[in-house]
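Below is a structure I'd like to ask you about.
Chain IDs A, B, C and D follow the sequence of writing; residue 1 opens each chain.
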Amino acid sequence: MLGFTLAFIATCLHVALCFAVAPLLIGTTNKLRAWLLGRRGPPLLLPYWHLAKLLRKSTVLPDTATDLFTFWPLGAMLAMAVSVMLIPGYSTGLLTGPAADAITIVGLFALARAATMLGGLETGAGFGGAGAAREALFGIFAEGALLVLLLAFALLARTTNIDGIANDFRAAHLGISVSLGFALAAMLAVALTEAGRIPTDNPSGHLELAMVHEAMALDYSGRLLALLDYAGALRLLAWMNLIGTIFLPFGMARAGDVLSWPLGLVLWALKLAVMAVALCLFEVSRAKMRVFRVPEFLGAALLLGMLASVFLFVAARIGA
Amino acid sequence: MSFAWIVIAWPFLAALVLGLAGGPRAGAIGNAVACAVSFALSLALFAYGGDGLVATDALARLFGTVSGFVGLTASLVNISYVMGDAARMPVRRWRLYHALFQIVLGASLLGLYADNIGLLWAAMEGGTIAMTLGVSLYRSPTGLEAAWKYFILGGVGIGLALFGTMLVYLAAQPALGPGLRAMSFAALAGQAAHMDGALLTLAFLFILFGYGTKAALVPLHGWLPDAYAEGPAPLTTALSGLLINVALLAILRFRHLMQANAAAGGSAMHPGPFLLTLGVASLFLAAFSFSRRRDARRFFGFSSIEQSGLVAFAFGIGGPVALFGGLLHMLLHSLLKPGLFLALIRAAQLRGAAAPGFYAFSHLRGLPHVNKYAGWLLALCIFALAGLPPSGLFASEFIIVSQTIQINPWMSLPLGLGMLLCAVAILRQIGPLLFAPAPRETYRKAGWEAHLVTLHLLLVFALAFLTPPALVRLLGQAAGALQ
Amino acid sequence: MFGLPGHGMQLHLDALSILFACILLPQTVAAALAGMRGSIAFWVFVLGMALTLAAGDGFTLIFGFELMSAASWLLVMQGDVKPATFYAGVAIFSGACLIPAIFLPASSLAFVLVALGAGAKAGLAPLHSWLPRAHPAPPAGVSALMSGGMVKIALYVLIRYGFVVLAPAQQPWWGTVLMVAGAASVLVGALRAVLEVDLKTALACSTVEHVGLIAVGLGVALRAKALGDATLTGLGLEAALLCAVAHGLFKPLLFIGAGEVKHATGTLSLNWLGGLMRGMPRLGALMLLGAAGMAALPLGPGFAPEFLLLHAVIQAAAGGGILARIGFSALLAVLGLGAALALAAAVRIIGIGFLGRPRSLHAAAAEDARRGPFIAMALLGALCVPVALLPGLLLGVMTPVIRLLAPDADTPPLTYAPLSLLLLALLAALAAGFIQTRFGVRGLREVPAWHGGFGRPPAWLPFGDPHTQPSGAGFAEPVARVLGRGLLGAQGQDPSEHFLLGPLLRGQRRAVRLAERVRRATIRERLAFVFAALVLFLLALGLGQGG
Amino acid sequence: MSLTFSLAHLMGGIILLCGFLQLSQRRLAAMITLYQSEALVLSAAALWQGFAQHELALYLTGLITFALKGLLLPWGLREIVQRFGMIRAVETALPMAVSMIFGLALIGIAVLVVLPSTEASLSLTREDLAIALSVVLLGLLLMIVRRNALAQIIGFLSMENGLVLAAIGMPGMPFVAEFSVALLVLLAFLVVGVFLLRIREHFDTLDLSGIEQIERRGR
């Protein structure tokens, strides 16, 4: 009973923190990027004000849109929200843990992607359609690569449940193995694509012809745009949680004992910060690539993923 | 003087009368009446039976009845055919035509009932001559050419068959000695073990080529498609299938002699390979000849080649069940094919005239626009020919294929491929026939003849899937005896 | 009594046939409602499928199977004569493969024949090229039943023989064969589903993909069964059967919907549709549900099978040698690509066909689905809901079937809980709603859309210039550019047509020419044939007896 | 008895020789003459067999053969040749030498097939059978290598002679006379057929390769 209560509290804490922190993460990355580019950059809390402003603005409905126009942003946001709830952040053993199957997560990402694409096609505007088409193209390779990656982790942890993987990796101190290196590289590639960051997409770019995610949101305004932006923030957080849980599982708290929570929380914040920094460093050091280079980029990730699982086999054979 | 003689003699008498008197209409009606009588007689034969030269067995009676039935329906449709076509020929030739009709029927009955191989040969010869005259009846250049082909090839076949017959007689000498007994199927079958096997094999070869010509097995088929396409349809298409039956049964019986001799340790070779070769050749040639046919009668001529090839194949596979399948297939096909041709004649009449040259598929496109019943009936007949369920042929083909698998697995490869190609080629014709847009024309009555076709179709279905146990027993015993 | 002369026909029902009968029933009702009630051929078609399921002996099985083929052939021909012949050829081919397989003793040859026969009828690569041609041809109800039902019947035969009848001779590589064929189908089917512009053809291609998924599941199970891996067998079978059930619901739904679109707009080309959600909202909603199933999205009917299938493959990759490892990770990649392609195809159908602006006046003037078809679709949609939300329950119901197919298979509990996901989503929605009501303003103001800077269209284009929004082909263009050229070649032709069908047709043409030469022979030449044959046989005889 | 064999044998040989020589002839007249001599020898053989076996049917056969085939048919054929002015040489499908080599090969095959296959049966008919078979095959060959209808008919006739030769060789075979009559009917039809076709002016030549009407009209 106590265990359940604790788990319940931990879960609520996790959910609350994630939802609260997500815009801050965006703000942080923007700030960091600005600094790295030698500018002052926007205030950290700007995303919150932005969301609040959008909520207060009145929402316009394009005359060529159908009744489902308002549905897509909500769908995208909900899908991302659920996946954020599922992916463990600072602690393992949450109530949502059992449902946090990696494949379910992939499915939820796909759901969010589908909703965004449909939103882009909604008004029948050229840019939205182009963005949706490109998103579809990226998604094809990203999903393939992601599944192959999961195979590597599943083989190591003998489960496909993220929570289980986290537990397993935290317990068994896996050294730096070749396969995990491959897996990490591939994972990062997929994450960058899915989260719509450079080099595949430019979150702060506003050249319509080059946009992917932005293009699909062109016709949205007011609270609907707020939903979309928030979904974007959640997406970034979800990916960071995912990478953190799998590759940096050390120090994660256990829902069972309260004493491990503080450390878990601190470490979680640190991990997020580190990942944000790394992300910004990468982004400022790279240029956005042409749309049709992206499949090659992701194809390479897919092969890396396969190599990872193959190397796992070799490692298991040679007992390394 | 046994009852069988009456059954056989009746059509010839009728031919005499029809040949000497009566105009087209009277002749047609008289012809129908005569056919009805011989159908009744062929049924009665089950009760009485024959002896001596015409000691018939159950199989012969069965197919005799089929011949009677086909003759009857053909003669009924023939009435309207003659009505529509009377002006094309002088009265004399209509008399000849009806006489030929009866002669062909009589010849096929004689060939079926004959227990004597010499008599069988004579029947085949008579049939050949009658058919030749029938094919050339319209005196058109194509008709004469077809008749000429028929005659040359048929004549050669008859000659070879006679040679084979004499060889059989000679082969029987050690067992039966000189005299009539050495020419009686019953006696031969009884003594097959003691016959000169090597000579018997040679004899079978000539028999196969002789009667194989009549059964239109490739490469002996040269006469058939043209002959089918010329001459008055009721005679040269609907009725001519009967002679094919006679030929196939003859081949079956001679095959049995050889088989029995080989089985009893005689020096005869196994008849299988010869039959299988011709059967497969027929299947494939037919399959590839279908696709460019324009004339429906020629098209279905090739399908007859395919079917007799299939039956020969079944006989070649051997074994009681395969023979059962072959016989069943013969039975069903000899009911289905005339029905199809009757439907075809009716369709051609609905589209204008039923004389040769009016049977191009292009004439028949979109037939349901003229008459739904007739159109779908024809389509059903063609469909049934392809051997997909619910067509009756499916049952027999299923048996044949399954037996092939169990007895001679590798032969099932060419068999399956050939049947596949043939079926597809046949099915191809249905689409345009049913669904092609037709020139707007007045809706015309199907006429009572259409019901005859329906009757044929129903019979094919019923005999295949609701087979009366008596028939199963009959065919089973025949197959067992002739295995 | 009816049946093979002297034998009759035996009927026999067991869990497997009952399961497939259950798959068949709703779509039959739906198709009947969708306007096929009056057609005799349709009911013969259904009868054939039922007979195949109820068959207790080989004859009945083939009889029903071929009856089904024949009837569906007639129905296809009513729609379009051209693909009908090709279809008939494939149908008879599968019959010609199955009959021998039935009479052969349990052996690998028999299995190969079954795989060829049933696979050809199910549209399993590389024998699938007929399916995208034949399935769209007939009226919608028949297309629905062909895609949702007939294909399943073929798979039923495959399962029946692969798992039950031929079990004594089973080999691991049987499963591998199925997996390879399945993977190929998934890839080709899904890719073509994205590229095809015709709505029904795209749906048919997606059927090829789903058949591939089922085949992969069956292959995994078959291999595992032969290797004696109980869990994996159970997983694979669960995946395959659940996929069959789900596909049997949402695919007919989509096909009937496509039929209604055709009826309302007169076209099925995505390049001329668009904005249908406005004119036909009820239909659009149901199509959305079906598309969610087709794209295997979570909370949709199609996700649970995909989930199980991926789990099965991952688990299979854990065991076995290096080759198995590489093979299964490649399979996983293919499945991932396939899933994402299916998603793209579904998004394209909904987004291009039902959202956006109408691309033709017909599309603009479309009226909602007629009563019968709508009821049919509603029925199927309603049945989709339990499949989507209670897959665990369904699997529990299926256990007898799995027991029948693999007596020692154990079925692990499903770790995908749609209801809990739904609960979480509801919570999030509530939170969002609360925030919205607390801080936001409500209300929507309709304004002219911003067409990316295009000028206002002329008055005679009430919905704007169709060419300023992406077309069906345009949406698929990036995929075509990246994947299509690679997999389907420059002209986007299906490999099986290019490498399989083409050569066959050429050979047939050559043979026909030869046959014509024979037919054109003069009398003398025909005599020469006879004579040559006679001499040859005589020679054979002489040598046979002399030596 | 041996005299019976040797005589029957001799006649058979002569018939075979005639059949073989027909292959080497280009002119119809010569073929007809050869055929006539063939038929005459055949009738003699039939009569001799009848005498040897005391069979009335064989006598009858011999007489029929003599009257119809020995006299009537040749006359008819010559009539046709006269009427249609076919005195010039007939064109052949194969070179003479080749067709004659074929003929030899056929005789070889006939012997090969018959001699081993009749060990068990009565020695009397052995060679007779071989000869008859070769005559039949030669007749067929003649039908194939000649482009002229009349020549083909002559081939048919000599083939039929071979049949009758075989028939009379059979010990105590019933229906021999009937068979020969039936065959005669066939032949009569053949000749009359040619006559009719010619007279009705349907084909301007009897060269059969010229009458492929069906190719031009519907298939």
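Simple rule for what comes next: contacts are C-beta pairs under 8 Å (C-beta built on N, C-alpha and C of every residue); 3 or more make two chains touch, one makes a residue touch a chain.
Please read these numbers as outputs of a predicted model, since none were measured by experiment.
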In contact with subunit A as well as subunit B, sorted by label, we have C
If you tally contacting C-beta pairs, which pair wins, C-D or B-D? B-D
If I average the CA coordinates per chain, which chain comes out farthest from subunit A? D
Averaged-CA centre spacing for the pair subunit D and subunit C, given as whole angstrom: 68
Taking each chain's centre as its mean C-alpha position, how far apart are subunit A and subunit D in Å? 98
Approximately how many whole Å separate the CA-defined centres of subunit B and subunit D? 31
Subunit B and subunit C, separation of their C-alpha mean positions in angstrom: 45
Residues of subunit C touching 2+ other chains? 523, 527, 530, 534, 538, 541, 545
Multi-partner residues in subunit B (2 or more other chains touched) are 148, 152, 156, 160, 198, 201-202, 267, 292
Give the residues of subunit A that touch two or more other chains, as numbers and ranges in rising order. none
What chain-chain pairs meet the touch criterion? A-C, B-C, B-D, C-D
Contacts from subunit A onto subunit C in the complex sit at residues 19, 52, 55-68, 70, 74, 77-79, 81-82, 85-86, 96, 98-99, 101, 103-104, 107-108, 110-111, 113-114, 117-118, 120-127, 129-130, 132-134, 136-137, 139-148, 150-151, 154-155, 158, 160-161, 208, 218-219, 223, 226-227, 291-292, 295, 302, 305-306, 309-310, 313-314
Residues of subunit B defined as touching subunit C within the complex: 148-149, 152-153, 156-157, 160, 198, 201-202, 205, 209, 213, 219-220, 222-223, 225, 267, 269, 274, 284-285, 288-289, 291-292, 324, 328, 383, 388-390, 394-395, 398-399, 401-402, 405-406, 409, 412, 416-417, 419-421, 423-424, 427-428, 430-432, 434-436, 464-467, 471-472, 475-476
In their shared complex, subunit B is touched by residues of subunit C numbered 1-6, 48, 58-59, 62-63, 66-67, 69-70, 73, 77-78, 81, 84-85, 88-89, 92-93, 96-97, 99-100, 102-104, 508, 511-512, 514-516, 518-519, 521, 523, 526-527, 529-530, 532-534, 537-538, 541, 544-545
Subunit D - residues contacting subunit B, complex: 113-114, 116-122, 125, 129, 132-133, 136, 140, 143, 152, 156, 159-160, 162-163, 166-167, 170-175, 178-179, 182-183, 185-186, 189-190, 193, 197, 200, 202-203, 208, 211-214, 217-219
In the complex, subunit C residues that touch subunit D: 520, 522-524, 527-528, 530-531, 534-535, 538-539, 541-542, 545-546
